[in-house]
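One chain, subunit A, appears in both complexes that follow, with subunit B as partner in the first and subunit C in the second.
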Partner chain A sequence: MAKIFSRYGDGTPLELDEKELMEELHAGTEDAADRAKVSTLTDDDLKHLYEILASPYKFVSVEPGKEVLLTYDAGTLKIRRVGVNVDRIQALQIYEKIMGADTMELCHVDYSYKPLKPIVTMEQPILEQALLSTHIPLFYGAMPNLGLYSQPDGPFPNPAELLPNGKIKEARESLEQTVEEAVRDIVFAGSAMYESGADGINLDSVGAAGDADFLASLMATKKLKEKYPDICIEIGMAGEFILGMHGELEFEGTRLAGLYAHDQVRLAAQAGATIFGPVVNTNTTETSAWNLARAITFMKACGEVAEIPIHPNMGMGVGAVPVNDHPPIDSVSRASAAMTSLVRLDGL
Partner chain B sequence: MISPEIIEEAKQMLVDQNKAKVEEITKKVIADGGDPLELMNQAYIPGINKVGDLFGRGELFLPELMQAADVMKIATDLVNDALATGSNVAAKKAGRVVIATVKGDVHDIGKCIVVSLMKANGFEVYDLGRDIDVDTIIQKADEVNADVIGTSALLTTTMKEQKVLEEALKSAGMRDRFLTMVGGAPVTPRWAARIGADAYAEDAQDGVNKVKELIAQK
Partner chain C sequence: MAITHAHASGMGGMRGAGDLVARVQMSKGMRTWEAKQYVADKLGVAVAELTDPVIMTEVREDMNIGQITPLPGCAKGIEAKFNIQKALDIQINCVDRFRKRAAI
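Right, the complex of A and B next:
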């Protein structure tokens, strides 16, 4: 039986035969469906996925006319991270004029709303210059990063120290206090950058610090939307479900811990977000086929209920893209093509 | 043999994070002459695995996970104490193992289970704890003349310390003195091969089996 080139979730190459590839696809979609309580992919979906993964070509794409927007977060950081020594405005120009980005984000190296607060007046003129030097819609973005509000980085007791000592009530109280501070900072910095002309405000890696992080993002989004009804806000997630650091936090009656993308997007829209960026984590010990079928199952369910545009995250370690410093183009292109052709989405 | 009802109750009490009940069951089983290792293997390891699975699915949250870990620690300590004094200790030690969770990583539930099973299988185990730098690991391995160095990492950001250990052993000219084994959630057999570790352990029992194989081949 012919062998098909594939990879593991860490990028390591492997070969599968046709039967093994199909078994991986079935196992991946079943895992996602079981976890998120959503439907598995249809036989037609799996056949399409199989064809993409079994393609003999190194790079796989979609048919002309089925292209989608490509939007990038933190590009002004990532290009320097790989050793291209340019300033942030030059980085934006490279993404726009050379790499074909449809939207971009200006951000600061600290990439969190809290440290942005004291330097916001330094960021405003950079944004204004960037807007004058580019044509594509330009977001300003950072992470809510609630970890910065607890000790030693912030004023409140550290939940990660309280919880192992059995101080659950105290940990929860601390998390609730961090939400209030984070909302204040996000609204302050988001307002300043929006009033400086940003085409949108991006809240990135939302939920990285758990359910309190997601709650702060939803509350800040709601406040910004009330303040500026025309503002564009993108909420991009950190992981596939909301980690219950607190466990009992709610947004307008919905418990946040444990929510998967198809529930997250409803709340994002309810809070006033304009674009939602769902995430599915890549499992390094499973195959690309397993990861991709799984990611598409979660994303398909999200796209089906979404009332706002969704841009699934397709970066290193998410969206079935391998966890690797330089994700291989065969995996990235297959994952992107599959996501674009099988999920009701608006961009990647 | 411990009755299936007791095994099931012990497992469920761990999942329910019932510290008092787990302590009571464990002490009673040991006092009645039951095999503490059987209790660990049949009740507590499946129980903590279930807790981990529920957490991984977003059906159980961090406060509950921490409480379950706390209960597991009590169960592990009681079982380890019983094993240390009971007939399970082999007359001749099967080998010396230095084990640690790597620098920057504070996760050690899985590593503690590995320690339990290794002790139960007659290994002389030096558990250095968590967040341990490479120099400390090598120093201890040298001091006790270890057969195997086992390291655990739960994060992609800390697993690189396992590579640092391999390189440090080579730099110190000590690589051939010790066998190395790696484990932890993001660690794979491919990672072990890539960094030059001698073995990868999928879970606690696999870790015991691999150490036995390594020492037999030494």
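Right, the complex of A and C next:
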């Protein structure tokens, strides 16, 4: 039986035969369906996925006419991360003119809303100058990052220290206080950057610190939308489901802990988000085929109920893209083409 | 990785009409397939032509809405965005604020 080149979730190469590849696809979709209580992929979907993954070519793409929009998180930060010594406006121009970006995001290296607060007046002129010389829509983005609000980085007792000691009530009170502070910071910085002319505000890695993190983002989104009815807000998630660090937090009557993408998107729309960026984590010890079938199962369920545009995250370590600083073109292009052709989505 | 996605699934940004479709999605909340049709109608091209860099370079040049290779005298940056706002009949935050700050 012919061998098909593939990879593990960390990018390590492997070979599968035809039967093994199909078994991996079935196992991946069944895992997602079981976790999120959604439908598995259809036989036609699996056949299409198989054809993409079994393609002998190094690079695979969507059919002409089926292209989608690309938004970016930590946009300008990534140019500096690889040691290219250009400033942020130049980084935006590189993405716009050389990398075929449909949109771009300006951000600070300390990529959270809390540290932005004291330096926002230094950030505003950079954005204002960037907007004079660029053409594509520019987001300004950062993370809610509620971890920064607890000790030793912030003022509130650390829930991760309280919980192991059985101090559940105290941990919950601390998380509730961090929500209030984070909402204030996100609305403050988001307002400033919108009033400087940003085309959109990006809340990235939402839910990284659990349900309080998600709640703060939804509340901040709602406040910004009430303040600026025309504002575009993208909520991009950190992980595939909401960790119940508090466990009882609700947004307008819906408990947040344990929600998967198809429920998260409803709340994002309810809060007033313009674009939602769902996430599926890549498992490094499973195959690319398993990861891709699993990711598409979650995202397909999300796309079917979404009433706002969705841009599933397809960066390093999510959306079946390998967890590696240099994701291989074969894996990324297959994941990109498969996600775009099988999910009712708007962008990546 | 960003380049891989741009080639595999992206609209190509200013090489085509990706930036314009994104603007419509961001300002009107349209799904991508609706936004593509909206932009195609406004530019007078077919949806399939929105990602064709040869056709779109001509369209962008004719409409003075910014292009990858800026020719002498063509609208660039904020100038092009004034023309994009008019061509697409959408709100562009920085254009509105420029107009206000410059007392135009």
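FYI, the second predicted complex is superposed on the first by the 348 of 348 C-alpha atoms of A that agree within 3 Å, B and C clash if a C-alpha of one lies under 4 Å from a C-alpha of the other, contacts with A are read in each partner's own complex, and residues count from 1 in each chain.
Quick note on the criterion: a contact is a pair of C-beta atoms (placed from the backbone, for glycine too) under 8 Å apart; a residue touches a chain by one contact, two chains touch by 3 or more.
Bear in mind the structure is a predicted one, so any value in this text is a computation, not a measurement.
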Task = Name the contact category of A:His135: first (subunit B only), second (subunit C only), both, or neither.
result = second
Query = Looking at the overlay, does A:Pro309 come into contact with subunit B only (first), subunit C only (second), both, or neither?
reply = second
Message = Just to be sure I read the superposition right, which of the two partners does A:Thr285 touch: subunit B = first, subunit C = second, or both, or neither?
response = first
Request  = State whether A:Pro115 touches subunit B only (first), subunit C only (second), both chains, or neither.
outcome  = neither
Inquiry  = I'd like to know which partner A:Phe241 touches here: subunit B for first, subunit C for second, both or neither.
reply    = first
Key: First, second, both or neither for A:Pro157, with subunit B first and subunit C second   = neither
Note = Larger residue footprint on subunit A, choosing between subunit B and subunit C, goes to C
Query = Which positions of subunit C touch subunit A when the two form their complex?
reply = 1-15, 18-19, 21-23, 25-27, 29-32, 47-48, 51, 66, 68, 76-78, 80-81, 84, 91-94, 97-98
Key: subunit A residues touching subunit C - in the complex, by the definition given at the top   = 59-62, 64-65, 67-72, 78, 95-97, 99-103, 128, 131-137, 194-200, 230, 232, 274-275, 308-309, 314-316, 321, 327, 329, 332-333, 336-337, 339-340, 345-348
Request  = State the interface residues of subunit A toward subunit B in the complex, per the touch definition above.
outcome  = 8, 10, 12, 35, 163-164, 166, 168, 171-172, 210-211, 241-247, 257-260, 284-285, 317, 323
Message = Per the contact definition, I'd like the list of subunit B residues that touch subunit A in the complex.
response = 57-64, 66-67, 69-70, 156, 186, 188, 190-191
